[in-house]
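Order of writing sets the chain letters: A, B, C and D. Residues in each chain are counted from 1.
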Amino acid sequence: MSKYLPLWPDQASTMASQVDLLYIYLLLVAGVMTALIFLAVTVLAIKYRRRPGVAAHQIEGSTILELGWSIIPFFVMLTFFIWGAVIFFQERTPPADATEVYVVAKQWMWKIEHIEGQHEINELHVPTGQNIKLIMTSQDVIHSFYIPAFRLKQDVLPGRYTTLWFKATVPGRYHLFCAEYCGTMHSGMGGDIVVMKPEDYALWMAGGSSTPLAENGRALFSSLGCSTCHRSDVKGRGPDLAGIYDKPVQLDDGRTVIADDNYVRESILDPTAKIVSGFKPVMPAFQGIVTDEQLNALVAYVKSLSQPAQGSAALQNAPATSPGQPEVQ
Amino acid sequence: MATTSIPASQAPGSTTKLNYLNNGHTLRSWLLTTDHKRIALLYLLSVTAFFFLGGFFAMLIRLELLTPEGDLMQADTYNKVFTMHGMIMVFFFLIPVVPAVLGNFLVPLMVGAKDLAFPRINLLSWYLYVIAGALFLHCMLNGGVDTGWTFYTPYSTAASNTNVIEAGLAVFIVGFSSIFTGLNFIVTIHRMRAPGLTWSRLPLFIWAHYATSLIMILGTPVVAITIVLVAVERVFHLGIFDPRLGGDPLLFQHLFWFYSHPAVYIMILPSMGVISELITCFSRKRVFGYKFVALSSIAIAVIGFLVWAHHMFVAGISLYAAMVFSFLTFLVGVPSAVKVFNWTATLYKGSITYATPMLYAFGFIGLFTIGGLTGLFLGTLGIDVHVTDTYFVVAHFHYVMVGGVVMGFLGGMHFWWPKITGRMYPEYWARLSALLVFVGFNLTFFPQFVLGYVGMPRRYWQYPPEFQVLNVLSTAGASVLAVGYILPMIYFLWSLRYGPIADANPWNAAGLEWQTASPPPTFNFDQTPVVTWEAYNYDEIPEKELEAPVAQ
Amino acid sequence: MAEPEHNVDPDLTIEHEHTTHSNAFYIAIGAILLVLTVTTAAVAFVNLGPFNPVVALLIATIKATLVVLFFMHVKGASEKLTGAVVVSGFFFLAILLSLSLADYLTRNWR
Amino acid sequence: MHNSPATPGSTAAQTVAPAATMDHEAFNPALRHHFADAQQQKNAASLGMWLFIVTEIMFFGGMFCAYLIYRVAHFNAFAAGSQQLNIWLGAVNTAVLIVSSVTVVLAVKAAESGKRKVLVGYLVVTVLLGLTFLVIKGFEYAEKFEKHHVPGPTFNFTEKFDDNGKQIPVNPKEAELFFSLYFAMTGMHALHMIIGCGLFTGLAIMAWKGHFTSDYFTPIENGGLYWHLVDIIWIYLFPLLYLISRHT
């Protein structure tokens, strides 16, 4: 793999090898098909070139043959579909133990917030061997978070969260690109994914002090006055948020939704959209009041209220919060 | 036939026969004509102009990408250049090129009609094209537009401060030009066929145009209203597609691709029709499996409407919708594969000559095979996530849209040039240009597959240095390709004056259009033809010395 | 042969005569449409739960069908093609609506 | 030459001017040169019109798609917006359009039986009904302006969604979306009505001048198809826009 003529991208995530395997399978099938057709056209064109006195032999067609070359390719393509869908399903299903990282895209930079509080711009440090889940949103137009070495890409939309997860395998520096056209400096909206060995990563994490995201969220939660209504004692005018994350919520209009990232986000920005059963629509909308970064902190905090001890670095670092027992102010 | 079809108004043996070309020479007789053949030529001129304009932008893109730094132009300029390239090539060249030029000229001839069903609407559709084109040129000179040809929201409605509305209006108008063309074709094919010309006797060119017209009629209005909504949102700051104002940008993508994916089939189907004509003629054979090939056109048109969200696999659509659309995408592969296999089988036991049109047909099969097969990569979910929005996609759609459509168009132009002008083109130069186009095309776009898989995103003005070698290769190929495209321009013009005179049927081809004079009289046929034979009845056509018409 | 027969292909020979009805018939259809309009407005004020939009759309479709069949003379036209054109129009509209909705309804947001 | 069209008379054709041989029907001023006969011309025009109607269905279909998806997404806001529309004006307008469709179909019948004055009468009544619709629509739009329900900088929506007496506040942005679609859909429909009125005025003048006979009235027929289409679109717009969750 030459530095000047790269023919294959680096493989740096668990997904990369899977995608490459499927790609090689497709290359083989496509290569064979192309070769067959090119060969057939060439051979037939030469063999049956016009010769004086030799007329063409008319053939109407052959239903069996034609059905054959309709149905057989279809089954071959079915294997592409199934294999591709299996990989896609994995790519779109983050494991439960993934460490969360928040990504905010804007023209033209990537702002990254680790749950432990580290902020980065156009760079993302991750350890090998750990599942990382990116929770991404955009402040303006559509962007797309693309890491070729991981074979992963996800559009980042304004107004909602999209997610991407991976497990890096090989330490190194890899390209991060914006893959959805987003204006003047679209091609400059890139950066690096820095994959480190866990011990190096721990060192990097230790450098510089920062407040965990959920802790920021907790501060916001009280400064914005959320804590006056969302409380666990009966006097609360809003639903208690402890333990609701990722659980079904019964709505006023009879529907049930899962309280995932997007639901929490929407409920902060536009509280009347999905009212929890038994509560009145009294909460003011926070659209335009909180920034995307603050929103991420609030979402991280709400989540931390539902997290058991394991897999939550944020919680262990958060002093006033003990696992499973949300505080009431 | 050529001699028997001299119109009565001309004395036999007279050197000039009355035909659609010399029936009036004033500018007015051209600009107010309702003759489908003249309108086809008007389209040919305007479409060619836009092709070279779009090609000019393509060269700018390739030159900028010679080096990793953005050194030839500013980022803003580059964004406008690729947007202009895309919009011109898609809306002003690829969509109209085959239907509006070859289709306009040949559909009435092939069905044995005197004209299209609505000649004045046909003229109107050319004027709409011209108005849209003028509007677009004005927009371009006025600073251009930088949204990419896809107009993605909210960039186009809230972020871009270029002439989005004017460009949108141009696309809206040219859309109606396309709708009217499609409407005219469908009515003509249903209502104006010569006696005896049953559906099962129609040339495959007609079937392909019928299928294309269906898409034009069913799809274009949706993109038209979508662009209206984008313009309205931009003017009044509404939130139809802007999430900050309650809308959803993905709805725009749904509506846009509902048309714009089938639009690819608007482009490619007519070219497939051309290829069917070429392959049968130059192998002197009936097409292998007429019904399969004919119905595969309709199948492509219908299934083509079910697959649009495969452009949106990473856009944030639901996991399940993505799987459904991926599956449906593979369905559309079947009729496309059938066409390629049947063309190849048509060669079997034929009597094949390698005239230029046939070289283009071979080229089409080659490029479309690669383009189609790489489409399967993109339909495969796991692969698409990696390669979508990279140069892999760029390479894929150029193989299909440029490789397919332009090969078909040039092949068709060479094939019907004697019918259109009454002159033969120079065979030697034509073969050379066919070769240049094929080689240049592959040199330009094949490296882009590699570039895409190693991760270079599309619409990049500058890129990491390790991608340079592949980009240089691509630019080098583009210059070969450019020569291949400019050559036909020159020798076609040359042949208008110096080309050998063609008789009514220089290729000894089947099909009604070859049974009238070259160039045809204004009303196409001296007498309404009555069809008593099947399509491509090459077994009933006696051999003829082919050396004569093939010049050089 | 000089005067070719035009009835070689059924598609080219359809006698496009729509069955005209009496004025009274058209007025009766109009009256039914008016009654349906009143009905749909009235039903809107009755709480049928999730069936309100269903009933409203059902009535609208009945009205549209009446207009298409009798006012636009699709019923009784010896012309099968017209019916096919109308049906295909609504068919592709249905594709647009249902496949887009398929995405929205299976998303885990909104 | 091979398979020249089976016309032994092709040599005979040389004695006649090409255009003259083509026209089978000796004299019919409405017959365009490229059609074999009036029937073919009429069939072509009719099919063309129907195809145009299909494009119109798809044109409005894009907006119906947007409407459907946002109605599902922001039901409360859409219901609140709908409750602010004037259902009576909407219903009256529906009735006006239905009556106009009846007059159109009667006009076509009059044309078919060659009754010129009756035809003109129905056409004029149709135009008047169309104008009535537009005037009523104008009053509705004026009301929206007064209530600041026109999307844009002045938009203001404080009304709540009244769900069986339960007052649910809605996001004004989402309500604005409802009114955006309301104005886009009814506006595009009104534009079609305006075009229709112009078209029918023209047809009435042509009919008055005696352009149409019982053999040739294709423009009346096709104009009628257009009018009915515009009617059908309104038949759907009325329940979709005006009748969301009215049962309070």
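Throughout what follows, a residue touches a chain if its C-beta (ideal position, glycine included) is under 8 Å from a C-beta of that chain, and two chains touch if they have at least 3 such contacts.
Keep in mind that this is a model prediction, so the values were computed, not measured.
Between the interfaces B-C and A-D, more contacting C-beta pairs are found at B-C. Geometrically, the chain at the heart of the complex, using CA-atom means, is B.
Centre to centre, using the average C-alpha position, subunit A and subunit B are separated by 37 Å.
Between subunit A and subunit D, the centres computed from C-alpha atoms are 46 Å apart. Centroids of subunit C and subunit D (each the mean of its C-alpha atoms) stand 14 Å apart.
Contact of a single residue of subunit B with at least two other chains is seen at positions 190-191, 218, 222, 248, 250-251, 254-255, 319, 528, 530. In subunit D, 6-7, 9, 36, 40, 43, 47, 51, 54, 58, 61-62, 65, 69, 73-74, 171, 173-174 are the positions where the chain touches two or more neighbouring chains simultaneously.
Of all residues in subunit C, those that touch two or more other chains are 1, 6, 12, 81, 88-89, 92, 96, 100, 104, 108, 110.
By the touch rule above, subunit B contacts subunit C in their complex via residues 190-191, 193, 195-199, 218, 222, 248, 250-251, 254-255, 258, 305-306, 308-309, 317-321, 324-325, 528, 530. Contact residues of subunit D toward subunit B in the complex are 1-7, 9-11, 13-19, 21-22, 32-36, 40, 43-44, 47-48, 51-52, 54-56, 58-63, 65-66, 69-70, 73-74, 77, 151-153, 171, 173-174, 176-177, 180-181, 184, 188. Those residues of subunit A lying in contact with subunit B across their complex are 3-9, 18-19, 22-23, 26, 30, 33-34, 37-38, 40-41, 44-45, 48-51, 54-63, 65-66, 69-70, 73-74, 77-78, 80-81, 83-89, 91-92, 107, 140-142, 144, 146, 148-149, 151-155, 157-160, 162, 175, 177-188. Subunit C meets subunit D in the complex at residues 1-3, 6, 12, 14-16, 20, 23, 26-27, 29-30, 33-34, 37-38, 40-41, 44-48, 52-53, 56-57, 59-60, 63-64, 67-68, 70-72, 79, 81-82, 85-86, 88-90, 92-93, 96-97, 100-101, 104-105, 110. Within the complex, the subunit A residues that touch subunit D are 253, 270, 272-273, 275, 281, 285, 287.
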